[in-house]
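There are two complexes below, and they share subunit A, which is joined by subunit B in the first and by subunit C in the second.
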Partner chain A sequence: MKIIKTTLLAMSVAALSQTAMAAKTGATLSTVDPEADRIALQEYMKDRFPDTPVSEYVNGIYAVDAASRAQWEEIEEFPPYELDLEEGEELFNEQFANGKSLADCFDNGGEGIRQNYPMWNDERKTVVTLEMAINECRLQNGEKPYGWKKGPIAKVSAYMAYTSRGNEFVIDIPNDDAKAAYLDGKKFFYTKRGQLNLSCADCHLTGTNRLVRADRPSPALGHSTHFPVVRSKWGNIGTIHRRYEGCHRDSRSEFLKVQSETYRNLEYFQTYMSNGLVVNGPGSRK
Partner chain B sequence: MRKLISTLAITGLTLGVAGTAVAGSHGDMIKEGQDVYHGKSRGNCIACHEISDPIANQAGNVGPMMIAMKARYPNKAELRAQIWDATAKNPLSIMPPMGKHNILTEDEIDAVVEYIYQY
Partner chain C sequence: MKKIATIAAVAALTASSLTMAQSFQEAFDMNRAMYGAGATFEWNGKSYNTSYIEEELASKPANQANAQALFDAAKAKLAEVREAGFAWRDNVKYLKQAKEALEAGEYQKSMDLAARSHLQSRVGLEQAETAKNEWILAVPPLN
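Let's turn to the complex of A and B:
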């Protein structure tokens, strides 16, 4: 009995010191090293889940939990986002009143470009997410912007991800201003907050694949590769910021607005961590 | 009659202030502690800690199992301190600081200590 208990304790303590290691690569602009962070996160996961190849992390919790994976594979045989993709394609090709369309706002006519977003915009000194670029394109052409969390924005984004499937993420951090945005996102990820004093890292690093009641938090590595996502709990397709809002609220914090600067920086950080993994959106999750 | 009424009034007052029915007896306290431990909108300890109470449902394993508490915490105050603020011992603890962040009242913490002390 005593042995069981000490092992359980030792496990949680060991996991905690690993978290500290994965985060250790610098919390100031002069010491932060995004590439070292990215490699440290991969090493951390390899250590925790030696049987999971890095390329598998695009599949979230299903990369490390064999039991729920079987169920998910069955769901993916008739993907719940198929209709969303069709509608997304129609919306993508829709002509604006001025005769232009979304394709006119993006490189390569908007096809196969998901892996570049979120993208640092140096003139504006801000991170531009794909959803933000879609809505700004509509505004610039005299159309109304879509709502941010679900519906048309998620469907168009899903279609654009779909045309990019298999492309490796190549998020670029070109200078110190961009690095500052990355650092802001990194700090947000590791900072404890709210009445429950929980950070994103508490659940998605230390808590990866542990049971929080009946839920198993996914590994942080690969978090953004498959968005937007159809979630059974939502019953429809939603953006990654919709998920950020929900998880942020779960620590009993006052959550931020979707597409706020902090959430965009968080997505920049998280997607940089996914560099080298492939786009596989849209996805489906429990 | 008069006496009964004032007793009821006092009980009502206690209920109102504490928000929960913490009666004097040890058995009631353990019952209250059990409710705190398993209640999703209360301590929700079960989300992270398994415990061998038959009512346990969907126990998590983020934290260690609640077992041999008396042997491991001969000093009950130390156990209470862990629950009041787990970050005192381990600043990175995932465990929410139940007392420090007003997640539970002092009475609720006393009750949950009595409850887990049986295991």
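Let's turn to the complex of A and C:
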């Protein structure tokens, strides 16, 4: 039963280091204020990294870690996602068997719209991510949906992001149902879980740019602006939910299904936090 | 030195509570840290044991009925913690191994594995409870 002792020990130690910043409101539907949350997160980061302009947070860890930035800039000179963009454009323009194409399912023919996603759908009372909208469009037109994490879905999403580069995120939370989804995502982000008793915030807020084993977690601000992303660790392009899966598991939790309601709400919360920052996807990361 | 670190950490956690009225959990944790499993202690005039429920269950006679009962309990607990969204990474693996051992007639092994799974679920559910009030403490304050 040695494992029992070690387990409980890790947890009691983690309890000791509970941060004491303590927001007094924002935990319930009646007090949660997404706009105030967004500004508070920006203020937190400005305080921690006074030399980093807010607009830089679209660059993840490279916004705050000068040491790895130079190497990344070199990589971006010949972006590893160039081929994915070409393939993504082809797939995007591909005609379905019924003569239609993805362009028919989206506003503005699907160009320059990344900044609106994930989007609250009030008839269905659910958050619709860009990847979900792509696959639903295929299904509605009699085509097979793509796999969710990598390959065609990520390439099409990359192309759609690319056509939206420079547009500011404008995630909308139109009513209380949408706000409840946002709150659910916010709660997920700040909740400690798993055998290591870690929250996303332990690494991506308080832990930003601090060494966690061999890695430095990026700031939560701007987390979703550049997805999908080519990671050298993956060796190919993947969606943000693919990343969620791995990070969720890093707390030694059983991770959820990609595109599950919880992950979609999480993306809704994270992308709302990025409102005012620009779309710069696709991106490249370690 | 691992043991010393363990004791020090637990002591740090409990020291401040010694002077105040102890909750049951505090009394349990302190006695557990000092005397290990299987000891008894007094709390509010009654006598208690320092063992975790899983240790008690896994130390019952190793036979098919007890192993099956512990496996069923662990399986139900895993369903509960999953529902709450706090299942741990390796939990289901322990449960699967417990089932294999049970089917192979290795009852003690099965009971130890199921106990481990049960514990992970139980602590996961405690996390879920704690989280209800505490998650908001990590959010940067609104101005």
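Going forward, the second predicted complex is superposed on the first by the 261 of 286 C-alpha atoms of A that agree within 3 Å, B and C clash if a C-alpha of one lies under 4 Å from a C-alpha of the other, contacts with A are read in each partner's own complex, and residues count from 1 in each chain.
One rule holds in what follows: contacts are C-beta pairs under 8 Å (C-beta built on N, C-alpha and C of every residue); 3 or more make two chains touch, one makes a residue touch a chain.
The model shown is predicted, which means the values in this text are computed figures rather than measured ones.
Within the superposed three-chain model, A:A214 lies in touch with subunit B and out of touch with subunit C [touch as defined at top]. Contacts of A:L205 after superposition: subunit C is touched, whereas subunit B is not reached.
After overlaying the two complexes on the shared chain, residue contacts for A:I39 are found with subunit C alone; subunit B is out of touch. Contacts of A:I61 after superposition: neither subunit B nor subunit C is touched. In the superposition on chain A, A:N197 makes contact with both subunit B and subunit C.
Once the two complexes are laid over each other on the shared chain, residue contacts for A:E254 go to subunit C alone; subunit B is not touched.
Under the contact criterion defined above, the residues of subunit A that touch both subunit B in one complex and subunit C in the other are 1, 4-5, 8-9, 12-13, 16, 19-20, 195, 197, 202, 206. Interface of subunit A with subunit B (complex): residues 1-2, 4-5, 8-9, 12-13, 16, 19-20, 195-198, 202-203, 206-207, 210-214. Remark: subunit A residues 1, 3-5, 7-9, 11-13, 15-16, 18-27, 33, 36-37, 39-41, 43-44, 186-187, 190-195, 197, 199, 201-202, 205-206, 249, 252-256, 262 touch subunit C in the complex. Those residues of subunit B whose C-beta lies close enough to touch subunit A in the complex are 44, 46-48, 58-65, 67-68, 71-72, 87, 90, 92-94, 96-97, 101-103. Considering their complex, residues 6, 9-10, 12-13, 29, 37, 52, 54-55, 58, 82, 85-92, 112, 115-116, 119-120, 123-124, 127, 130-131, 134-143 of subunit C touch subunit A.
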